[in-house]
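Some notes on the structure that comes next.
Chain nomenclature is as follows: A, B, C and D, assigned in order of appearance, with residue numbering initiated at 1 for each chain independently.
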Amino acid sequence: MAKAVMEFIGAFFLVFTIGMTVIEPGAGNLAPLAIGSVLMVMIFAGGHLSGGHYNPAVSLAVYVRGRLSVNDLITYMVAQFIAGAVAAGLVLFLKGFPALTPGARQILPALIAEFLFTFALCFVVLNVATARGTSGNSFYGLAIGFTVLAGAYAVSSISGGAFNPAVALGVTLMGLSDWANIWIYLVANFAAAAVAGLAFRALNPNDA
Amino acid sequence: MAKAVMEFIGAFFLVFTIGMTVIEPGAGNLAPLAIGSVLMVMIFAGGHLSGGHYNPAVSLAVYVRGRLSVNDLITYMVAQFIAGAVAAGLVLFLKGFPALTPGARQILPALIAEFLFTFALCFVVLNVATARGTSGNSFYGLAIGFTVLAGAYAVSSISGGAFNPAVALGVTLMGLSDWANIWIYLVANFAAAAVAGLAFRALNPNDA
Amino acid sequence: MAKAVMEFIGAFFLVFTIGMTVIEPGAGNLAPLAIGSVLMVMIFAGGHLSGGHYNPAVSLAVYVRGRLSVNDLITYMVAQFIAGAVAAGLVLFLKGFPALTPGARQILPALIAEFLFTFALCFVVLNVATARGTSGNSFYGLAIGFTVLAGAYAVSSISGGAFNPAVALGVTLMGLSDWANIWIYLVANFAAAAVAGLAFRALNPNDA
Amino acid sequence: MAKAVMEFIGAFFLVFTIGMTVIEPGAGNLAPLAIGSVLMVMIFAGGHLSGGHYNPAVSLAVYVRGRLSVNDLITYMVAQFIAGAVAAGLVLFLKGFPALTPGARQILPALIAEFLFTFALCFVVLNVATARGTSGNSFYGLAIGFTVLAGAYAVSSISGGAFNPAVALGVTLMGLSDWANIWIYLVANFAAAAVAGLAFRALNPNDA
């Protein structure tokens, strides 16, 4: 139960910060710095309680890597999606519905962009937060949070830059992304998570 | 006494940097980076001396969590508020009174914004600087400072982004916020601190 | 083999992020933050697997310092150059060929700029990731990644700011740099790497 | 001798990055990020060799704190000033003399601004790099580098933001500051260093 509450808190602040910094007046071209930072600080704060996933794709990757039970996987995902929806509601209360009409996505480029940086995100998580070779480090939150920062700067013009199905739900509810596009995130993010889990196992054969 | 001096130094540089970067010519949209950074460096420098609070709300949260005596709580708060006032005076000496008229705040949104990120700030402090599960880490200052960075980008257009009653006093003295609004900060920040303290205890039942 | 795959992954994300953030619409003047961050996170993720070079010049410097075999040196370089080329192809697929014509470089200034910051990069790598005096630290990725950030802000107007022959190959394939200039990077980067390796040995005589 | 070489390398890259990012076309309002970062990475790289001062004021503060001999103090300062001059010459070679005429400084505000952030810088150095209470940490470079970042955003419009006599020499040679103002930096920076050394001793009475 404490784990689910922590996952709710972390995913809530992540999606809330995304909405507040992306919808005008927001943080302009510094939104990715704010978003990467809030993810970092929530991981440093909650990692010792729940692992600090805040992302159904990350939870899936940790499950594939063998460090999360099926029960926890489902509990985490439910808490993360609820947090995304609650954060979206609060952003809309504070900011109103954004005037912009979300652009149509080019499907193949968006799938590639979401796949690549969700892979990077899950791969970084597994290596900095679950690998024997980096145990005891003090950089895990920085590494994970700033992967999202880099990805947001690199591909948000292509895919919006979610890398996280709970974020995809939140930004869709906020009117920043079209419902017709949400499958892109779900497919690309979960596929990338599974591949990252398998890649970690292949590259770390002695770290079961 | 050394603790009070350290709390004065840290809170002074925090409020001084806020004033110097927010009042034009300042740091523009990079002010939150400067502010989060100065908080970070003062925590890294003074954490081993006083705990590095620099914020009456953080001191209250640490008191609720059971790691600060009543005497120290009062001493810390006095030092922090004095530092906020002294910093405000020096900013006014260096920059002059800002030309802008502080905007009226919408009360409920401002209360929510201040509550949320002060909760995040205190919750992060308790988990990275007082929890058994993260003891000995080298990221506590980064995590705490960059929580303020994220909060400033996320909600400063709603509430001004103080998350700290000594900062609220300082920015009010500098003419960046109206005296009629200062209760918003005091209520929201201290309430958030108390809730964060209780939340920490509920989520860390074995870390007394 | 796992090492080569890791070097491919890291160099791929480095060059991919460079292309996606530098070609419009990209990250504007925050591109160096994204680039330094992605290098940082890939080093934190892969350092325990391959050392996290992602740069033929860094691999050469580690070889000169005596911590990489000739076989690994060749394998690493091949993986890094292939990664640079693959990343360039994917950037071109997602963004199209950039409209700009790469400027002619002034040769001596460009050689100096590339030499200096590639020296800094390799010197930082050797001291934070291979020296006895810093063993067990948690900052190696931050130090290395943000050396590239600083160098990109300092000299990209002079030399483009590659500091990495695989990056030079990638940006040339993307049309961001002219083929006539690629020798500048190869000469300056590899020379700087060799000098950094020798400088490390001279300054750390007891760290064989 | 290795110590002097390291101090030269670190101070050179600090002053070189300042010149290259401040003189147009430079890094615009992100120059402080580049400058704080290059200081950080040079401290992480060279701290184990020389202590990583790169600043005559910091060396003075470490001397007052009792961790530097008079001989090393003089050697370090000579290396740092030479590095500042060499870096200035190279910046001028690469960029040409800047067109701007350095503004007259208001003396008292400039003295205050330089004193305050040089005090902060030296105080942070002593607490994160020489104090028993923070020994073995992995954040010293980040804390020191980002103190300069915060100070540059806070007071560069008042004093130029040197916090370092070798930087003051370098920027004066580059034409970014007037020779008539250099005493401001020398007086304020060395005074702040001495006060920081005494403050550290007063606040850490058991850390001799």
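Everything below uses one rule, namely that a contact is a pair of C-beta atoms (placed from the backbone, for glycine too) under 8 Å apart; a residue touches a chain by one contact, two chains touch by 3 or more.
Computed from a predicted structure; not experimentally measured.
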Contacts common to chain B and chain C (chain labels): A, D
Cα superposition of chain C on its sequence copy chain D - rotation in ° rounded to nearest 5: 90
Most distant chain from chain A by Cα centroid: D
Type of chain B:chain D copy interface by residue overlap (half), same or different: different
Mean-CA-position distance for chain B and chain A (Å): 27
Rounded Å distance, chain A centre to chain D centre (Cα mean): 39
Residues of chain C whose C-beta touches two or more other chains: 30, 33, 138-139, 142
Residue ranges of chain A touching chain C (in the complex, touch as defined): 29-30, 32-33, 36, 109, 112-113, 116, 120, 123-124, 127-128, 131, 133-134, 137-140, 142-144, 146-147, 149-150, 153-155, 157-158, 202-205
For the chain C and chain A complex, residues of the former touching the latter: 2, 5-6, 9, 13, 16-17, 20-21, 25-28, 30-31, 33-35, 37-38, 40-42, 44-49, 90, 93-94, 138-139, 141-142
